[in-house]
Amino acid sequence: MEILIFFLHGLGYAGLLFLVSAGLTLIFGMMNILNFAHAAMYMLGAYLSYSIMNHFTGQLWISLLICPVALFIIGALVQRFLLRPVHKLGHVHELLMTFGLAYIITELVQWYWGNYPLAVNVDGVLNSTVHVIGLTYPVYRIFIFLCAIVVGTLMALILYKTRLGIIIRAAVNDSEMVNALGVNVPLVFTGVFAFGTALSGFAGVIAAPLLSVFPGMAHEILIDAFVVIVVGGFGSLGGAVVASLIIGLLQSFGVLLIPQLSMALAYLLMVIVLIIKPSGLFGEESL
Amino acid sequence: MSDYFHVRDIHKDFSGMKVLTGVDFKVRKNERHAVIGPNGAGKTTLFNIMSGDLKPSSGIILYKGKDVSGKPPHILNRSGLSRSFQITNVFQQLSVFDNILSGVRSRYGLRYHFFKRPDRDHHLIEKVEALVAEVGLTDVKDQPASSLSYGQQRALEIGVTLSTEPELILLDEPTAGMTHEETVQAIKLIDKVTSGRTLIIIEHDMDVVFSLADTISVLYHGTILVSDSPEKVSNDNRVKDAYLGEG
Amino acid sequence: MKKQGNIFICMSGLILAGALMPVILSQYHLYILTEIIIFSLFAVSYNLLLGYAGLLSFGHALFFGLSGFATALAIIHFPGLTLLSTVLIGLAASIIAGFVIGALLLRHKGSYFALLTLAFSALFYAVAVKWYSVTGGDNGLNIVRPDLNLGFASISVSGLAHFYYLTLIVVGATIIFCWYFTQTAMGKTVLLMRDNEKRMQFLGYNTNFARLILFTFTGALAGLAGSFYALHFEFVSHMAVSINMTTVVLLMTFVGGTKKFWGPILGVFVYIIFQNYLSDLTDRWALIMGFIFVFMVLFVPGGLSEVIVKIQQRLFGKRNDNGVKYIASEEGNL
């Protein structure tokens, strides 16, 4: 029975990990920008949610509505005014820009909200527990996993079943041609970046009640999300799904089996993947 | 040395699309061999496979009796094979002198040395000066490559290709985009610098091909149609059909 | 050859000034100057990756901290060791780590390289935090500087002035070697690989091998800086292997400028003086640093050294710099 608990825990964390790495891998796959500020946006989403829930106690759905919209706007502004100007200078400058942003956001958050952990509480059904085959389990962790499934499905549908998805994927392959066909490619890229940022904000709102909010939360999830996209394959949505599940479960069972080294297991997996298949499980071989 | 360079049954597909379907030809030592063919025949793919840029899907390339297919470029270069690029691919910010030096010092093993300065090595400097003179760029040897005229850039491209003192030279459309006069100059240059060496040239311009080549191989739809002397190739009906049929 | 003469005069002046510093400066300022010299080597080694090879690493502190820990552990567990042996142990640790990690990253460039270096750095950080019994966890390791044994004499470097001289000689000489390195065959190869890696391969260069050697070399340089860091502060903790430490060296290097050899050294001066004086005025100096950084990425990607070179050109006309390309274009224009 204990194993089932750890399994469910693993699924919950995997869901959260997917929500963060999906936005990261989307931005990377579409725009070839490795966004170091992604986890900082996630943290910003979580802190915003904390402040919102101070006003509307326990009402998570208000945060779930407001925060992604706010992060969408921030993401669009960042892409338009900070990333687009340095694009011509090459990827090193784009990386440096996102890194500098992450640094500033982290500093600002610590300045405004302080340097200590803050608890976020939810009310209603999300705060309850369910009974499954003799086990009592918090609904919230199951809720996280369901959110990940819904978001993942929606993203796949948009990218592969809609006209918008076709335009986005075409803009990646041949931006000049798509531009010539009358599509505003820079706007598409701004939209993709903003959407990815909104997704990280969404993940932050979801994470806040589970992990509470603290300045180190960005750093923690960033490294795990990076491991996910290395293992899954750079820019692969399917890879992000599989790798999130693997890392989530590995973390969870790692705590059960070898508590001291649970974190090292994920790195070990990453090193093994790097040696055997450097492009990741679902990555294209042409690195 | 009939088997100096032997391309044997080379196939290449790109995710299902068959570009080369069994390419076969031999190059003798000190021969000048041209590969021609209409657009889309697979010339560039073949060139990239011969130079080590691509791996063939199947088939082998024998060079001095050894299979070199799929060997990395630096290994091929060290065994005496050097290639040029169709679009000038030199170090644009470096002077002509330093461009040539980068290959010359590689040839003489000064690649990764932590203490020696290549620009202080008189032996290397002499070699570089000689090669710069050979490709006719002595007047501009201290100018950055980016400031050169198109013809000079192409000459530098050939100079850099020669800088590792190869015995087998692969030239990828060396006169592409040149005016008639520039082409005449380029032919003269190539003729001069490849004497005593083996040359494989991929070319569009028939003037170039017929004034340089000892042997011509015609690539058509991913395979070699004929490989023979220029006279025989120019009178071959299959070749005429291939070109006229495409035109 | 006039240029060589100038360099010689500059060097002699610097060495003389360096030798006189303990007389001129207060203990506090000498302490800061020693720190500046150590971080200069760290930043110069970082710039060999970033500015010269075009590789953005987020794991450079890994070698810095690893070597610092190795030196500290050697001092703690083998009390008889002399100072230089403990430094060599740190150096060996960073060389081994550089080679192994470099071999794993061999095929990766650009964003992948940045991400993977960050992940490896995070791994070392996690070990430093969790392996309490060895690394001291949050408390870190306190050490006492051992004596310097030169074979014929044993010299105590527990005093700041003595340690300053040792740092000036060892670290200073290494920085000068780094400058010389940029002029050597390997130094030029690194630069050319950044400009046109493909052509280098077709000229017989094994670029993966060259990258591995460079990565190991810069790791060793950072390691030497890390050992001296531990010896200078007589303390090392997981801070030294953290992402924050890499952030510090990245800020120093970028603010100083990646396009000139001396840019990062200037960056270290600015950063450390900033840190020591501005932190008295405001708690948010790190935030100010972040804004300066983003501003520079946007508007001054060449850093402070680029600004200085531009001002110099405006005032004195264009001058020959130490870069090959400048000399080439100058003479070509005559």
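Read from first to last, the chains carry the letters A, B and C; within each, the first residue is number 1.
Rule of thumb we're sticking to: contacts are C-beta pairs under 8 Å (C-beta built on N, C-alpha and C of every residue); 3 or more make two chains touch, one makes a residue touch a chain.
Just so it is clear, the model here is predicted, and its values are computed rather than measured.
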- request: Determine the shape of the graph in which chains are vertices and touching pairs are edges (line, ring, star, complete, other).
  value: line
Most central chain, Cα average position: C
- prompt: Farthest from subunit B in C-alpha centre terms, which chain would that be?
  reply: A
Field: Distance from the mean Cα position of subunit C to that of subunit B, given in whole angstrom
entry: 43
Field: Between subunit C and subunit A, distance of the C-alpha-averaged centres to the nearest whole Å
entry: 34
- request: Could you please state the distance in Å, as a whole number, between where the Cα atoms of subunit A are centred and where those of subunit B are centred?
  value: 49
- request: Mark out which residues of subunit C touch at least two other chains, giving numbers and ranges.
  value: none
Task: Please name which positions on subunit B make contact with subunit C in the complex.
output: 51-52, 72-74, 77-78, 82-83, 85, 89-95, 97-98, 102-103, 105-107, 110-119, 140, 142-144, 147, 160, 163-164
Statement: Listed in rising order, the residues of subunit A that touch subunit C in the complex are 28, 32-34, 82, 85-86, 89, 91-93, 95-97, 99-101, 103-104, 107-108, 111, 219, 223, 226-227, 229-230, 234, 260-261, 263-264, 267, 270-271, 274-275, 278, 287
Message: Considering only the defined contacts, which subunit C positions touch subunit A in the complex?
response: 50, 54, 56, 58, 104, 107-108, 110-112, 114-116, 118-120, 122-123, 126-127, 130, 243, 247, 250, 254, 284, 286-287, 290-291, 293-294, 297-298, 301
- prompt: Residues of subunit C touching subunit B in their complex?
  reply: 181, 183-186, 188-189, 192, 195-196, 198-207, 209-210, 213, 217, 324-325, 327-329, 331-332
